[in-house]
Amino acid sequence: MVSEKKTGFGTKILSNKIYPIVFLSIIVFVAVLLLMLVNSFTQTKILAEREAKVTTVLQKIYPDMNDFELKEDIYIILKDGDVIGYSIIAVGKGYGGDINTIVGLDKDYLVKEISVLSNTETPGLGTKILETFFTDQFKGLEPQDVKLSKDGGKIDAISGATISSRAVTDSVREAMEEKLEIIKSNNY
Amino acid sequence: MTIKRVKFTSGLKLPENKVTEHMPVARLELPSKVILPLQQHFGQQCNLLVKKGEKVRTGQLIADSDSFISAPIHSTITGVVSSVFKMINPLANSIVDAAEITASEEEELDFQSVNPVLEDIRKELGSLRENGEIENYLSGKIKELFDKINSIENEEIIASIKNAGIVGLGGAAFPTHVKLRPPEDKKIDSIIINGCECEPYITADHRIMLEYGMQMLIGAYIFYKVLNPEKVYIAIEDNKEDAIINIDSLIAKSGLADNFCVVSLKSKYPMGAEKTLIKNVLKRKVPMGGLPMDVGVVVNNVGTCKAACDAILKGQPLIEKIISVTGAVANPGNFIVRIGTPVSEILKCCGEFRSEIREIILGGPMMGNDINEENFPVTKAVNCILIKKGLPRNEGNCIRCGRCVNICPMNLLPLNYVNFVKNSKFEMCKEYYISSCIECGSCAYVCPSAIPIVAYIKTGKSILAGK
Amino acid sequence: MSEAGPSLITIFIGMVLVNNLILAKFLGLCPFFGVSKKITNALSMGAAVTLVMLIASIATTLIYRFILVPFKVEFMNIIIYILVIASLVQIVELFIKRTNITLYNSLGIYLPLITTNCAVLGVTLINAQENYTMLQSIVSALGGGIGFTLMLIIMSAIRERLEFADTPKSMRGLPIAFIIAAILSLAYMGFSGLI
Amino acid sequence: MWIIIAILTAVGLICGVLIWITNKTLPKEPASLAKAQEVSEHLPGMNCGACGYPGCFAYAQALSKDKKVFFSNVCATVLQDNTMLGGIEKSLDLVVDKNAMNKKAVVCCSGDCEKIGTYVGVGTCKSASKILKGFKKCPFGCLGLGDCTHVCPQNAISIDVDRKIAVIDPDKCTGCGLCVKECPRNIIKLIPADSKVVFRCSYDSVRDIPGREKCESGCIHCRKCFKACENDAIIWNKEKQIPEFDLSKCIDCGACIEACPKNVLTKLRVDNSKKEKVLSK
Amino acid sequence: MIEKQERLTAKKFWQELAKGIVITNPVFVLVLGLCPTLAVSNSLNNALGMSAGVIFVLLGSNIIISLLRKITPNLVRIPVFIVVIATFVTILSLVFEAYLPPLYESLGIYLPLIVVNCIILGRAEVFASKNSVTLSIADAFGVGFGFTIALIIVAFFRELLGTGGLEVFGKQLFSIPVLAESPMSIFIMPPGAFIVLGLLLAFFRMIGVLKHE
Amino acid sequence: MNGTNKENITENNAENNVLDDSKVSDTTVGAAKDNIIVRDNNFISQSPHIWRGISSAKIMYIFLASLIFPSVAAVYFFGLRAFWVMLASTATAVLVELIIKKARKKRFKMDGSALITGLLLALTLPPRIPIWMVVIGAAFSIALAKEVFGGLGHNIFNPALAGRAFLAICFPTFMTQWYLPGNYGVDAVTSASPLSENFIFQGTNMALYRDMFFGNTAGSIGETSAMLIILAGILLIAFRIIDWKIPLVYVATVVIMSLIFGEDILFQVMAGGLLFGAVFMATDYVTSPVTGLGRIIFAVGCGLITFLIRRFGAMPEGVCFSILVMNGFTPLIDRYIRPKPFGYMKPQKAKQAK
């Protein structure tokens, strides 16, 4: 299609043997350049969004917080510079995939509140882990109590969704046990 | 006793319905006319040698062909060629020439010459009327007879069989002389005489083995002499115990026990089909697309043996044969009929139909062909006339039950052919080896959805053959 | 492999059965429905896709680990990945066209479709998302390709059989293929939780 | 930032080079393929197979190798369509006399005849004709089970339920000839599209089959049509005992049609308003 | 050919537009771009977001490719087209991530996959690389709207049956009493997507909108 | 190309050729061919001219009869509620089939297959599932898993199982609520089925086996009593309705896998729907391969997948899904697993022979 057009100047370039390579490179170059530009505009906004998201979640758990610090995957919640709690992320394997839960601890290392950030459970069944009747059970528990009642803990599983319930509970407990050690040893 | 019993075989257990089993063979009176299609065998159609209006005698050659795979045709009564026309051959679904011969009063025989050494036997046989007498006479002189037969050249025997127009009477009507002349490189080590008669209703072969046992055995001996195999097996299903015993004793009497033996087979359909028969008797498998002689075997029907005996001993060409007339008729029976006798003449002797809506089937219920009117003649390939109540089938969807697959003696997948033919995928039929099907009908018999599978297969085959 | 992560067998089973590209992830549907009428075509299409997937995974993992991550330009992955894949397909197409014309005819317009086959890009993106190592990427691509081919073959065998079926007229062809895909996907949901 | 841009551009460059090298090193594609590609653009693309090749592209390949194929294996759909035909003529450098090649299929059977019995079996003409040459008295007549209707890509064939025979709509028929091959009784014939009179009987030379005499609606070889034609357009075929037509002389007067006592002769376009389409696709 | 088409009339523009929506509806007629259609049609929200994205990319790439059509060498045609498309997709995904994070998350991997949406490359190959810029714009809009309509129809059924109600941009439109309590969740899962699209295709064929095979 | 039309023709033809005794007309034709009798009441058909006479419908009804065992047990264990579930399911199945056949202008034949589908579906459901869900499931079975493919004989997937899988994914909550037999009341307590995560049995193994053998466990309404299912299976095999290969190989595979992985064999065999599926559902002709070897492969596949899902998967039960998965493989198996024709020789060998 291209070579048929015989119009003076263009012909020479267009029929050059390595023209395809050059053309492709130019296109890639322009595209990459363009993307770098766009990215530089949006980057700040994206980062801000991400941070805002974390803040809103934390804000919900600690209404009176006004700042936080991130150390070794642990959010240290501050109010006017004083530590009022710690937040950690727990990842468990549910029925449909990973379940990410944010666990808010108070100063005494007890669960203040948990909130499921993302999941891929069966709607209407596994997704009941989002509901408060389930998450409220965690309030005030120590790590060793964060277990399904079947397994000897204090959390009642959602009927029909044991797998999801267990995934949340176990991941919360494991995360707490692991991170509390870090918190205690480093004295955050 | 030299009975070999084969116990375990696969196959279909059919309701036998062999009502004519105990009815002795009766000779039908000569027909007032016969119709002789010029192709009654597998192979080339013959050219008519007589003209309309010409007078012919019983046994006179009226049609022949130059082709190797072909068999001449003889007039079966004495009379005048009253017309020459075309007719539909129901067995091959083709249009063939045919000659009609109207009988005259007196029967005149025109048999071929017989080898000089057998001349006297023929004379003596000619004086005997009753079949029983013939049998007795033959068994009396059996050793002498074998010697005489041994002294005849193979070529001459084969030529006589060819000139007698003998074809396989087991159903395929394959010219017998072709089978007696295997290619040089194929050594025949066994002959199987097929007395299975696995189809329901038919009893013609059974009666031959009971009443014409000696003649059959002599026929078998003739084949034995020509092909010179190590062993001759006479294969009979175990529902014909009397025939097994009869043949066994005849073998013993004739001193053939070294090389001849009776094989008793389970009565399963399709035991009589060449390939299954060879498998069951000899445990050999005829290769796909191959012939029995590829595994060193020749299979012949008992009727063919008797015809060979008639031809060699009496010089009588194939002008008559034994058939069963059975089914929904008042007086069923086994009859000797002249070839070419219209079905209507035979049925006259058998009384009224017992069923209004009926099928007239030439052959057995599993493989026979329907005809639509009673003027069709009995040809060389017909061994039974079966009148049956029509069976309207309500073809349903295949439910893939696999029954057809299990039953198929050729290990095929019959259900696929139905789909392929329905959807004109004939090439696929080839891929699934449709040509291996022997059209035994087992699959259609067991199909719970009443699919006429064989009809589909026949369609597919003939389309592939480009017909 | 220094990084922890799902074991290779988990990745493989996951890609073949549990998170089958076609049935669970909705990737590569166009060729799945387009090239599944005959088993032979399905096989060669599957093989071609698997091959491209494998090479693409290796190339993109290299690019991801050694260019995009160090320079913190992960957002560039789409454009670079697709460039690599498109070039690869172009090469494969040229290769088949020039060496085996019958194969080319039977694959016909679907060869270029491999480029736009979501499955290939999908696998490379998943690899990046899950931060798989080289070995893991290879296994994941292999699993993805095999899962894709398997479904393609199953589907084509079913459709070959359905050619003989008395399917309602308006259901013939694609609609019935969708229903088959639905029930297949239903059946393969039974594998969930295997990993 | 410039480094990364440079690196990524380099990736693009590498890709381009690889493609370029592949292109150079592999053998060139045969020129015929490009030609076939071009030809196939002017083909209908239905892949009906009527031309005798497995598909349109195969046909195109054959055409690009030898353009005479167009005359031996003509694609009737192209013949009907001027733009396609023009395209083919141009790309193959051909001149096609459209009229000479244009054909219509007609069913050479004019009606139901008696049946010889109740046929119970597979409902296709192919199967039915395998047994006693079909269940109709005439061993040549149309069985009316409609095998031909399934193959017609134009849906031109339907079954006339009254007469139980197939009827072809000449306006839809493109003369592709698929039905001719399909009919097991060989009674569909291709005749020039400008034929005026159609002889609708196939019962010619084979006669006198007992019980299967010629049917009520067939030719009785009375020669009345031959006598009725004043323009010598009918030639009597002595061997087959049937009329044949000289198109150039026929003036479409209809005298022969009038004369035929058995209504075996009809116009190409018969009035088929009564016809009920029951079995077409 | 090309010259002729460039003498464009307003009528032709509208024709192309309409053709894209109905006659060559990318989903129902051409059956292309299935992956995003099925993957993101589990809710009306996602469907709308996806459609917007597709229209944007289609428009952008059609314009650029149409502009480049005369100087693009055949050998690297596809890589070039796809790079152009990918650029737009990346821009889109950056913008979505920055300004519409919820949508960005729910579209997930399918947002980048717009790049391989067969529709877009298909249009580039079949249309934009052979036609003028204006016509390409019409084509982009036509096909884009066709895609949108298809997506909305599919999403409508899936969300309705799968959740027992409809919700757009956070507003509950309505819900069906019994279903809302125990929704047929299969419809927002993969099998449901196949079923809905399959039945829709059959339905359109039945009422004669689409041709039978 | 067009199965529809051809079927029409056959039907048409059968109707055209109705046996009408009044039409018996003896016509004598021609002089030379005297006494040729053409009769309308003459049948002409291809061989064979006899037929065994066990029709598909008969097979279906015998199969249905064998289903009486688990059905009666279901009512005994789970009360009238089970009966209503069965009734709703069968009625819906037959009704939907009728409607679709009518809409497609096809003959509706009561061949019992829809009854089987309906009943089998019901027997695989938990006892307290809401009736409207049963109706949806049965409608799905017949409409989208059977009739879209063309009806009896054409479907790829087992309709009853497809319906069950549909329900399992649609309404997982309801489909995972089991009840112990015997308490028919409105407020019956849920109980775990033996394969469930939290199934705890207080008692000896023997007692557990006994309960499972006689059917005194929680589970789908038809699957609990191993004894009756085995009995029905033996009868079906004896009457040659089902092929022994599928159920036997299926169960044997699970047994072998249990041995390898050290599971409790008797428990694995009797728990859940394994026996029920192996006897009644994997044996469905339409959706399983036709050849013997094919069936064995099919059954082994079913067994492996069942065990895989039970042991490693999230679902407590794998029978339904494994049979469905293998149904998908059936056309492939049938395509490539073919018996060698009688006397088959490899092409080269055949050439050498010639």
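As written, the chains take the letters A, B, C, D, E and F, and residue 1 is the first residue of each chain.
Keep in mind that, in the parts below, a contact is a pair of C-beta atoms (placed from the backbone, for glycine too) under 8 Å apart; a residue touches a chain by one contact, two chains touch by 3 or more.
Model, not experiment: these values are computed from the prediction.
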Relative to chain E, chain with the most remote C-alpha centre: B
Chain at maximum distance from chain C, centres defined as averaged CA atoms: B
Innermost chain, taking as reference the mean of every protein Cα atom displayed: F
Pair of chains with maximal C-beta contact number: B-F
Centre-to-centre distance between chain D and chain C (centres being mean Cα positions), rounded to whole Å: 43
Inter-centroid spacing, chain E versus chain A (mean Cα positions, whole Å): 29
Where chain B and chain C are represented by their mean Cα positions, the distance between them in whole Å: 62
Centroid distance [mean C-alpha coordinates] between chain E and chain B, Å: 72
For chain F, residues contacting two or more additional chains: 1, 3, 6-7, 10, 14, 19, 33, 36, 38-39, 41-46, 144, 150-151, 154, 166, 169, 172-173, 314
Multi-partner residues of chain E (at least 2 other chains): 75-76, 79, 83, 86-87, 90, 94, 182, 185-186, 189, 191, 195
Where chain D touches two or more other chains at once, by residue number: 4, 8, 11-12, 15-16, 19-20, 23, 116-118, 120-122, 124, 127, 130-132, 150-151, 210-211
Of all residues in chain E, those that touch chain C in their complex: 31-36, 38-39, 75-76, 78-79, 82-83, 85-87, 89-90, 93-94, 109-110, 112-113, 115-118, 120-122, 125, 186, 189-195, 197-199, 201-203, 205-206, 212-213
In the complex with chain A, residue positions of chain E that touch it: 68, 70-76, 79-80, 83-84, 86-87, 90-91, 94-95, 97-99, 101, 162-163, 182-183, 185, 188
Contact footprint of chain F on chain E as seen in their complex: 178, 182, 184-186, 189, 191, 195
Contact footprint of chain C on chain F as seen in their complex: 3-4, 7, 104, 144-145, 147-151, 154, 156-157, 162, 165-166, 169, 305, 308-309, 312-315, 318, 320-322, 324-325, 327-329, 331-332, 334-335
Touching residues (chain side chain A, partner chain C) in the complex: 28, 31-32, 35-36, 39, 95-96, 163
